[in-house]
Amino acid sequence: MKIIVCIKQVPNTTEIKIDPVTNTLKRDGVPSIINPDDKAALEVALQLKENCGAHVDVVTMGPQQAEVALREALAMGADNAYLLTDRAFAGSDTLATSTIIASAIKKLGADVVLCGRQAIDGDTAQVGPQIAEHLDIPQVTYASQVDYVDGALVVKRQFEDRYQTLRVATPCLVTVLSSAYKPRYMNVADIVAQDQKQVEAITFNDVVVNPEDIGLKGSPTKVKSTATKQFDKQIATYELGAEEAAKLIVDTLKQKHLI
Amino acid sequence: MAEFKNKLFEQMVKDFAETEVKPLAQEIDEQERFPMETVQKMAKLGMFGIIVPTQYGGAGGNYPMYINAVEELSKHCATTGVVLSAHTSLCVAPILEYGTEEQKAKYLPKLSSGEKIGAFALTEPNAGTDAGNQQTVAVECDDHYVLNGSKIFITNAGYASVYIVIAVTGKLPKGVEMTAFIVDSEMPGFSVGKKEKKMGIRGSSTCELVFENVVVPKANVLGKRGDGFKIAMKTLDGGRIGIAAQALGIAEGALDATIQYVKSRKQFGKPLSAFQNTQFVLADLATKIAAAKGLVGVATNAKQNKLPTLSVNAAQAKLFAAETAMEVTTKCVQLHGGYGYTREYPVERMMRDAKITEIYEGTSEVQRMVISGALLRK
Amino acid sequence: MAKNIFVFCEQRDGEIQSVALELLGVAKQLATVSGEQVCALLLGSNVADKASQLVAYGADVVYVVDDVNLAQFVTEPYTQAITQIAREYQPNAMLFGATSIGRDLAPRLSARLKTGLTADCTQLEIDQDGNLFMTRPAFGGNLFATIVCPEHKPQMSTVRPGVMKMMEPDYNRQGEVVSKTIAWDKSKFVVEVVEEVKEVQTVEKIEEAKLLVSCGRGVKDLTEAQNLATKLGGTVSASRCLVDAGMVDHNRQVGQTGKTVRPQVYFAFGISGAIQHLAGMEESEYIVAVNTDKSAPIFKVANLGIVADAQAVIKQLNKLI
């Protein structure tokens, strides 16, 4: 069984701060990490590898600096790593990104594609299902447990109020919840060994993809404007009855998009 | 091609220390309990064989990685730091350097996997800083030696199953002849004696070892007969870098905790961090820590590259890092005020833990002897 | 030409989910500006009788696909059904609830329809030409981005539950109900539902929660607090005194000797705010404090402070949400 895990390098958003002067995100010095849901997907792949002998490749799309995320995956036990990087890929929205990643998966070939449910910098949860559609394979999202039984994946799929146990034949794509799988630490021997491995670059010329479908041109959605959240540093304290208090809380939080 | 291993290792060990080690630190201190569960997790990750080549079942890593591990572990729990340091510097390293092919093949795989923990036995009731005054004796007899005597203050004792033991094997015109042995805990006549109740690093096991007619095969002589004192001193040179890293970690951990505290603790209507006294103390402490880190780096480099300056570099690193740890933790307790004296905050434990770094593997006075000796010998 | 605003009206076990009604409400507002109709998509098995409810909440047309293949939510049959309807009617926009169903289905559809999708929107606006402006939080809520999808139709969006306002239902409203039959490609039905089990979600770790309903000495009964947390998709945490009193497990304690948390919203109900507690939560993004003691230190870190009885306020919040 060949598994491809799609990972994304993301800024550790818990450490992101807003520059009070320019009202922009301060990304300098913010450490980059493997997106937590993606790391859980890698853990699923490595457990499948241990339990039924899979070959695990990791793929990421991003700038050259994303190599370190792939290196971390190798040090956790992945077999090969591929970096999708090209100027032509820049500016892609989720649809264009999924087109590019799907083209690389077609080239590499996979029985199972594993993704994280969503990335902490975008929170879209869209790229996984979109890759599945481009590959014309079934998807199972929000997975909290993945097992390989009699030639098929058996997946526990979470909903807000229930779960399903689904049986899906390969090839298929599964997106994994980080709350369900605690990723292993990198192993010291694999940390040392990964320096002997190549991270292979995949560029526009290596994949079969229509240039109209990728990058800014291939992205149906555009960012029109951005705004930072305004914090009222002014602290407001009110003396109110319970009913009025509840109303004020709900109105305030809704106005701030917090609930 | 750029190498990623040291960066990735640092990331892993930092994450491991924060997630696995930090939550247990207070508990193992209060219960004076060896952190077995942490040791098993570290073993699984290959942390007991960082510096051992892959051919002997190790990870094939380097000395900077190992030192980094001791530092990061000690930021949160000095006990866990010294378990790794004593195992690696004082048992694994001498076997790697002085062991025969057979000894390496026999001992290193299990020491690397953490199936066996290592320790080192030099100190005796009447031979501490005066290490030449050894009274444990090994008498040659056919194909073996018979070991009698006792050792004290042995780190990892009871949990370790491989001990590097220094014993007297003869008389010299001046002093005694010493030899190093690899002793298995299963050897008949070997026993672990009294456990010390300590001020700090209370989760670390520190015990007496007793040897009663322990038969040690000649195949277990480490290096040559008579090399014992040299091996002990060289081993301690390496060990001192581990202890320096432990001290550095304690100091860094205390400073981190204190920065967090002074930002949140308010007195006279403002956070402690707004007072110039706090700011200047923190600045001085951070500067000393940076200097200590530099010296640890120099010594680690000397060890990795087998430089002749190792002995002095290691002594300077340990002397400065240990005294820095003591100063930093004391001042951090002071900045915490009354809370710092309670066990609610980690700086109280860190201050107790810091003290040992000025004492074991050569007191600060011994480090000064090593450094000045090298200066005046020229 | 692409026209009208379509709303995927999620139902579970035949029960229309409140997010669907919220979407009808916002769709109605948008459609008024752009001069379009609100078209509800009602998919399921034995659900046709729910169409009138959708009309009451703002749908002008309800497309019903009542088919046994839609009895349980599985991505492919739902995707096929909506794809067929979208290709036939050419919607200008299509809205989904940002639930575990909407966020599975919408991206699959967007790729099949080769159009753009904006996730988890908290605000929607439209112009007279029918251009949709979709605003969503990014970077963990530090930033808001307004997204447009100018050259592809339908303009698709998933919308965060609980944000949009549903209309007051009017059961005298008139609407058209159209029943649709789908030409299934069953060769693509390769996901088998072995079982479906309803469950009350097990609580997540408080360090990972986006919303915490934290209780202290001023809260005597935790059931109401638990209800509130469930409604808001959050978790209950506590100050040390409730943990010491055995009312709450230690792994839910916030503060120096407990966990450090930084959720998007932190409710401090009846918590005075000792320094050890503040150390564990003051980096929360938005802090709402309710306490009877006007001089409680918690008010120094709260973004919104209310001097009132915490237990009573929780009760009122439960009524309101």
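A few notes on this one:
Just so it is clear, A, B and C label the chains in written order, and each chain counts residues from 1 on its own.
One rule holds for everything that comes next: a residue touches a chain if its C-beta (ideal position, glycine included) is under 8 Å from a C-beta of that chain, and two chains touch if they have at least 3 such contacts.
Keep in mind the model is a prediction, meaning the values are calculated, not measured.
Closest chain to the protein centre (all Cα atoms averaged), using per-chain Cα means: A. More contacting C-beta pairs link the chains of A-C than the other of the two pairs A-B and A-C.
As a whole-number value, the distance joining the C-alpha centres of chain B and chain C reads 54 Å.
Centre-to-centre separation between chain A and chain B, using Cα means, comes to 41 Å.
Put simply, the C-alpha centre of chain A and that of chain C have 21 angstrom between them. Only residues 1, 3-5, 7-9, 11-12, 15-16, 45-47, 49-50, 54, 58-61, 65 of chain B touch chain A when the two sit together in their complex. Residues 11, 13-14, 16, 18, 25, 93-95, 98, 120-130, 132-134, 138-142, 154, 158-169, 172, 179, 219-229, 231-232, 235-243, 245-250, 252-254, 256-259 of chain A are the ones touching chain C in the complex.
By the touch criterion given at the top, residues 260-261, 264-266, 344-345 of chain B touch chain C in their complex. Residues 256-257, 275-276, 278-279, 282 of chain C are the ones touching chain B in the complex. For chain A in complex with chain B, the touching residues are 68, 71-72, 75, 185-189, 191-195.
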